[in-house]
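Multiple structures follow.
Shared between the two complexes below is chain A, which pairs with chain B and chain C, respectively.
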Partner chain A sequence: MYDKGKIVPGLIIFVGLMLFAIFNNAGQKPQPPKLEKPEGYKECVLPVEEMKQSHMVLLNEWRDEVIREGKREQVKVGGKMFDKSLQRGCMHCHTSKKKFCDVCHEFASVYPYCWDCHIAPQRDMADQEAK
Partner chain B sequence: MRVLYPFVAVLALILVAFLGGKVTGLQYMLGVVLPYLAFGVFIVGFCNRVMQWSKSPVPFRIPTTCGQGKSLPWIKQDRLDCPNNKLEVVGRMILEIFAFRSLFRNTRAEVHDGPKLVYGSSKSLWLFAILFHYAFLVIVLRHLRLFTEPIPFFVPLLEMGDGMMQMGVPRLYATDIVFLAAIAFLFLRRVSLRHIRYISLPADYFPLILIFAIGVTGLLMRYYYRVDITAIKQLTAGLASFSPILPAGIHPIFFIHVTLVCVLMAYFPFSKLMHLGGVFLSPTRNMSNNSRSVRHINPWNDPAIKPHSYAAYEDEFREFMKDAEIPVEKE
Partner chain C sequence: MDNSRRKFLKIAGISAVATVGAPAALNLLTGNAHASSGHGAPQAAAPAAHGAPAAHGEAPTGKRYGMVIDARKFHANPGLAEKCIEACHTNYNVPDFGNKKDEIKWLWKMPFANAFPEHSHYKKDHTVHSMDFLVTCNHCDKPPCVRACPTKATFKNKDGIVMMDFHRCIGCRFCMAACPYGARSFNWRDPRGSENGVPFIKKLNHDFPTRMRGVVEKCSFCALRLAEGKLPLCVEATGDTGAMFFGDLNDPHSDVSKVLQSKFTIQRKPALGTTPSVFYII
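On to the complex of A and B.
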């Protein structure tokens, strides 16, 4: 074998990089996020499976309908009427962004930019002040 | 034919994975067993291939010299294109690996009326190759979000930069588009240019078609079917911590994507894709052009055989040479 001094360290670096995720996770078992489900409500806007996968699409549709088409009429969820709105709709039931949206998003490394403008529910602020 | 076979092979793989993804027992095969196997083949095969290469001696200095070599002090040396020492070689290699300098030098030959042969610069291959490779790198690094828990800091940064255009939800990543466009170009270049098509083999088309299919299934998964990422991450991060859980109800498109990626990994060490390791070991780039200043000794020379100068040779054979009327230097 020629150039051992360069090839062997090179291969070790390569294997090390490839196994990065294994070293990174060592000693941990990934736990699915524990979400705080809304109290007193049984249903979400759409069936849960659909919400899990497509809530961002629903939000986008709502936004387009409300802002571009001016369709602000409310939606019916579980017999009650709710605003078609991120802050006054979703967050009306999901009272904490930190304990619901963020838990899941951090697990999936998703950082929606919506909150640059939209305000997180008051409960998060209260929780933070109480700490 | 040479395009058709790889194309049919990829279609067959997709079909197998699609059917397998529907059967619970096979889901475990495709989602857990196959990834471990393919990854093992990839790592072991890769190292094995490099070790095999390392057994080939390179007894001569064979760098491609693309500029003025080191000479008299008043002649300017082209330090990157004709490196004379280790530092210059490192500079050359870094540019080769990160900027694909050899491809940048790609030319195109055309025959005009006359007949006249004309060479022109051709940068499109370089442009699309470099776009493709960097997009691929970013995509692979972004996938770490599915395999790592805790997620390393650079993954959200990459996602932020990549999704900077803030188009649509889930946010459109620029690399996704660049990746597909670049690989489509590389494929079309092979089929549409006559002389490139002539030298293209199934082994050239297969990786292109396979990688294109991986890209398309990935995009479908993210933007169209929108598979449940929290469920999938339990499987993928589980794979990396050796405790994979296979949640129920994963969409078959996920198994297609994973199967194609596994095939790519397992195929890698046996294919031209090994240029990932090969670029570091290319003697025409990683050697310094210093054979005029350093004596290089052939590594398999028998040490018992000593150098034999002409003077010594003449001493040994002078009488015979004189007999044969061969001129000698010393009488």
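On to the complex of A and C.
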């Protein structure tokens, strides 16, 4: 092989650099994001695990039921009735988009377009003004 | 070698023809009623599935919300139309871009000649000429916009309301081309934006979303309020002036039906066959 002296060390440096991120984080547990939970509410419309995994599916189902089928009946959770709505339902208890939705979405690097149209709760605006 | 390939192709060809043609041939031979089309069953089921309007003479089933607008009452109460428009547009976060080209309108005013071009306006009385007519989406029984929409973002719901699912709208504007009433508006600009420090939506209603750029919007007959047992905002805004009536056109005892039975009303562009659900007393 020509230029063995350059290629082999070059390769080693390259592979080392590429794998640096893996070795650097080896053995460390990623810190799960800390969400702000609504005060005074004990349960959500579905068990927590299900909500974590498939809240987006539920939101889509609600959307189709409400707009297309006109099934607007409220959902009962812990004796209270809630609208099948993102703005008027979910965000009724989860009063901050920044401290609830965004924390996880940024951690997972997903950027849904809900808030292009839906209006974030007023608390976010108040928080921003207070800063 | 050649011979066997030739044979293989022959057999393959014949079996292909047989698989495709045999069921159709069988249908023809058995004299099945749907045989001619080959897809008879789904076609026969189609009208029921789409909830097509009943043929002439048959009693219609289900709800069909409609509205009667008494133009004389609006003429007698100056500012009432503006009040209705204000009530609607503030509640639904309808932006005001400040120019005609980008204008978004759910409910607006039009002179007679524009609202009713099919009706002769030759030698009409002065009042009609000077009057403005409150117009909105007609929630047609045969909505052309719904036929044009490639994504089913707009559709007719079970109450006869032509609804928009903003999530699905891709902004192709076919519906705008299809609507003969100009009832649909396109968001050329971001409704959340502002110009010279003035936001396009003066005051946000936090109970309803805004739209985003590239989405078509229109009147929804306040479907959400109807579900809550309330009247549409514009009808509510007219108060007890009797300028607007709202209800189920298929229910002979509803407010609208009673008005329609006792007064002469006209529709916008009836000859197009869209069968609008908004009627006018002139």
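FYI, the second predicted complex is superposed on the first by the 108 of 131 C-alpha atoms of A that agree within 3 Å, B and C clash if a C-alpha of one lies under 4 Å from a C-alpha of the other, contacts with A are read in each partner's own complex, and residues count from 1 in each chain.
Everything below uses one rule, namely that contacts are C-beta pairs under 8 Å (C-beta built on N, C-alpha and C of every residue); 3 or more make two chains touch, one makes a residue touch a chain.
Everything numeric here is computed off the predicted structure, so don't read it as measured data.
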In the superposition, chain B vs chain C on chain A residues touched: B
Contacts of A:C93 with chain B and chain C, given as first, second, both or neither: neither
Partner chain(s) touched by A:C101 [first = chain B, second = chain C, both, neither]: neither
Touched partner set for A:V45, first chain B, second chain C, both or neither: neither
Chain B versus chain C as contact partner of A:P32, first or second or both or neither: first
Partner chain in contact with A:R72 - chain B first, chain C second, else both or neither: second
Footprint overlap on chain A, where chain B in one structure and chain C in the other make contact: 113
Complex contact set, residues of chain A against chain C: 63, 67-70, 72, 87-88, 113, 116-119, 121-122
Complex interface listing, chain C residues touching chain A: 93, 155, 157-159, 163, 165-167, 204, 206-212, 215, 223-224, 227
Residues of chain A touching chain B in the complex: 1-4, 7, 10-11, 14-15, 18, 20-22, 24-26, 28-30, 32-33, 49, 52-54, 56-57, 59-60, 104, 106-111, 113
Chain A contact footprint on chain B (complex, rising order): 42-43, 46-47, 50-51, 54-58, 144-145, 147-152, 155-156, 159-160, 166, 168-170, 226-230, 233-234, 237-238, 240-243, 249, 277, 280-281, 299
